[in-house]
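Residue numbering begins at 1 within each chain, and the chains themselves are lettered A, B and C in the order written.
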Amino acid sequence: AQSSLTLFGVMDAGISYYETKSNRYTNNPLMAAPLFAPDNVTRSKWAMSTGGNSGSRLGFRGTEDLGGGLAASFWLEAALANDTGLGTAPGGIIGFNRRSTLSLSGGFGEIRLGRDFTPIYTNDLIADPWVNSGVGATLFGSLGANLATLRGPGSPVAASDHYTRASNSIGYFLPPGLGGFYGQLMYGLPETVKLSNAPQAPSSTGRYFGGRFGYARGPVDVAIAYGSSQAADGLVAAALVNNKIDIASVIATYDFGPLKLYGELMQTQDKRESTSISAITRIKDKYKGGLIGVTVPVGPGQFRATYAKVKFDTGAEVAPLSVGSTDMDASSQKLALGYVYNLSKRTAFYATVAKVQIKDGQNNPVVMGSTTGGGLTYLSTGAGVQGYAPRSSMGYDFGFRHAF
Amino acid sequence: AQSSLTLFGVMDAGISYYETKSNRYTNNPLMAAPLFAPDNVTRSKWAMSTGGNSGSRLGFRGTEDLGGGLAASFWLEAALANDTGLGTAPGGIIGFNRRSTLSLSGGFGEIRLGRDFTPIYTNDLIADPWVNSGVGATLFGSLGANLATLRGPGSPVAASDHYTRASNSIGYFLPPGLGGFYGQLMYGLPETVKLSNAPQAPSSTGRYFGGRFGYARGPVDVAIAYGSSQAADGLVAAALVNNKIDIASVIATYDFGPLKLYGELMQTQDKRESTSISAITRIKDKYKGGLIGVTVPVGPGQFRATYAKVKFDTGAEVAPLSVGSTDMDASSQKLALGYVYNLSKRTAFYATVAKVQIKDGQNNPVVMGSTTGGGLTYLSTGAGVQGYAPRSSMGYDFGFRHAF
Amino acid sequence: AQSSLTLFGVMDAGISYYETKSNRYTNNPLMAAPLFAPDNVTRSKWAMSTGGNSGSRLGFRGTEDLGGGLAASFWLEAALANDTGLGTAPGGIIGFNRRSTLSLSGGFGEIRLGRDFTPIYTNDLIADPWVNSGVGATLFGSLGANLATLRGPGSPVAASDHYTRASNSIGYFLPPGLGGFYGQLMYGLPETVKLSNAPQAPSSTGRYFGGRFGYARGPVDVAIAYGSSQAADGLVAAALVNNKIDIASVIATYDFGPLKLYGELMQTQDKRESTSISAITRIKDKYKGGLIGVTVPVGPGQFRATYAKVKFDTGAEVAPLSVGSTDMDASSQKLALGYVYNLSKRTAFYATVAKVQIKDGQNNPVVMGSTTGGGLTYLSTGAGVQGYAPRSSMGYDFGFRHAF
């Protein structure tokens, strides 16, 4: 049978500046501010960045024509931190953590086994002119990764697993040629152990399912996606806990020729239940967001701009008389501007600037504290009462990308 | 000089079910059974499996013709856990842990330096229709790996080292064209340090030697192999210890055309000595086993079946009056059935079912407690007196394999 | 645009013997020697070695012609420990730790981003007939790596970073065609964080800069190089510390045809300052060295010999009346001889013998205690007063190298 074997990759390196600013806040006006505490604290650094335009990677892929329209194919794609030469899996390992799949495809579509993007992340990528890369990366990307890392289940491959990617997954893709309609389903096996002498087992922690369906014809591309991740499920410290992260989004892009518009609406629910002998707790946090973007071909390159906003609606009940906790919500917005100058189809210079602004960051500093990248974190203290809270972040990328 | 450079590999993914069952046992009829203790405990799980038919891997190999019949060649082959994209070396590293060798070959045969299969493991592979892959893998494979992991020396590359593979090894292979006779020798350097001020050094822990000799002509292939691994040697807790694992096996396969028969006889000795001021201990455990298998070409595929049995003869002395310890031996058997459906020479579907049955597992639960894979372990308690012991294991593989 | 993509590497394996000898010393003649203490202690081992002639590696590199004299290129090169199949990054990771760079080149020269050799190490490599490989490797190589490992800053990729290589670096190379003149500059970003509420930040620990300039025409090649690594900078245990390692060298090679001569002069300064409320300390250690080497084409191979000497001048002040500390300096010398027999351009046998001799090793055992490789260390006790000190080291390599 005919077959192909391809070595491919991206090398993307740049110089970047990152900055985070945390502001002093108080939710309790009766408490005195500490002496000598500055109004805000700024952290910043210059760094060699990778993947500012497109994630650095090295991959191997191949296809074998099995006849009768059938084909077997595989895809192994490793993320690279090319500023140091190591990988991005835990411990600096170079692993095929971007994608590791084996497929059988034919008239029925494609069955894909292994580690792959989730449907919901695919939606986020397509609606983001920055393809979730560099300082301009979609605000929904930071939010999804922050929440997955905080709640779990994560995986030995990445803490953000089940937002961006899922291992041990079975994917199904509709075949092409359905009059513009396309779609996919994904199921990630939890691989937990069932014990005959432990009735609450097996935990379904780590189970993932999601789907994506859309229509693309001519200049238009619209799609909806949904994903549900079982972040926790089982007995934790004498309580039966259950935590699900459900994300839904709708995206649309329209290519007018002189410019292309991008839009996305997203809602994430973080549903947590805990049942113990003494108490039952049910909390449903919501994150709602919108993104608009535009790309404009200018000369041999492309101008890009996006604006996104995310609003956090806490599901926690607020004691009506508690001081300083009248509003437990938070919001963040991000503006990103940039230009990509193409030296060839595969090689480009790029420059990007982005700013994140956060309101009431003290109410959810971990998830809402999005930065523009670079590993900088906010100063975040006071547990929502009085201290420092994430306030804003700036970032610049000046880089060079080469695909091979 | 002419040369070749090849990128090659296997991607193999499937859905598998694994189950282990541990039974309650007592070797002391005078002790009362605990209340509410179930008669047996079953553990099970569904998982995405890799390498159910052939170990997933990615490799690079090449040969340079040096003239005069001489050739230089190298082989780098990494094991992949393609369900997650990581590797199988400790910590999930992708390393060339399957094989990493540099060779010089010519009329004299081949000298091979680096990490490679041991001769004894090669024998086990060739006598196993499942090539030690998936739930049907040879019972001798689990036994060898379990014992090597328990006793050592292992290595930073794999705990089972010196059964399946050896690093730092020098191998010699007879040239082809000896009228059907073939053979190989392997020596693994212990790389231990000699100290002028410590007379017992250097320890030879980690030294390996082995060989394999056979005859293959027409439908027949017979071979014997032997390997000796120095698992421990030196001063441990004020005692001079010495532990050797010696394995010998004879295999034969005969291809009748409509079916091919496989057979193997194996004996493993686990010899442990400990000399301290107060006591000298010498224990020689023995494991004896036999395997028969058959493959039958059926349609575009192949039917496979194997049956194997291993008997453990303890070398520990039994106090004649001890209650409940009249028989310290154990045995295990394994039956495996399957079908491989070839879509092409390189691509296939497969389905396998296997069952392991263990008698008196409490007498050697670590080594004799073979499972059908998947990381499931038995519930094993009571230290041979009263508790749970490995009893049986089931496994199913439904998978898809593609070689490139 | 035209482009190339190349898979390349080296596999080098051999059998080596290593030995270190430590001698008993006393700097205090009033102290009695311990009873039964031998005059010297020898450690030795046999090992399978890798990279005795050329560092084992696997790499991917490519170039795209962008037109107008411009080209984009990348280089990913991983070091291999092919005796075990793992890599050489911490934890046995296979990473592109030898080189990981993205370049833009044209009439202006080359801009190179990522992880690369430092200019000073390049000088050391070119002046060393052994290319810093195997038992014969340049004495300046051990010295530089020992000092970088001891003082820092190191990196997650290698403890010797900022002597041999630097990550997060921006390199500039002069274009060819300057009448024989060539040159390069390198700057390594410290990537440290600036904090608005911590005036001493950002620390510049990890900053590197260096350069190399030379002239090569016909048989002659001369070059100077300089490098400065910020090993430490900041508040450590209530003291403001600053540690810089500055290295300068000049090299020359001359190819007479029947033989080629190599020479290098090197000076390293290890400058340490510590300012606390109670004390200010300033120490400037110096290491001065010279190397001469020769290669002689003999038959299908090459004979090689080098001799090098390094003198350590301590910058620590010696209390004038202290017993036994009248000379705090030390020195080491190394002699290496070998032959490389080429089977082809890419494949060779080699044999090397080397000896290191150390004087007053007790005064700086970590940095001056160079060995011939193999992971053997000296017995080193007594903190410079009375005990064992590094004295000499022997090494032999018998190996086989194949480049692909």
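By our rule, contacts are C-beta pairs under 8 Å (C-beta built on N, C-alpha and C of every residue); 3 or more make two chains touch, one makes a residue touch a chain.
Not measured: the values here are computed from a predicted model.
A.B. asks: If each chain is a node and each touching pair an edge, is that a line, ring, star, complete or other?
C.D. replies: Looks like everything touches everything, fully connected.
A.B. asks: Superposing the C-alpha atoms of chain A on chain C takes a rotation of how many degrees, nearest 5?
C.D. replies: Rotation angle, to the nearest 5: 120 degrees.
A.B. asks: Is it true that over half of the residue numbers where chain A touches chain B are used by both copies, so same, or is it different?
C.D. replies: different
A.B. asks: Measuring centre to centre with CA averages, how many angstrom lie between chain A and chain B?
C.D. replies: Whole-Å distance between the two chain centres: 42.
A.B. asks: Chain C: which residues touch two or more other chains?
C.D. replies: Residue numbers touching two or more other chains: 7, 91, 93-94.
A.B. asks: For the complex, give me every residue of chain C touching chain A.
C.D. replies: Residues of chain C touching chain A: 1, 3, 5, 7, 60, 62, 64, 66-67, 70, 72-74, 76, 78, 89-91, 93-102, 104, 113-115, 155-157, 167-170, 189, 191-197, 202.
A.B. asks: In the complex of these two chains, what residues of chain B are touching chain A?
C.D. replies: 7, 9, 11-15, 38, 40-48, 58, 80, 82-87, 91-94, 343-347, 376, 400, 402, 404
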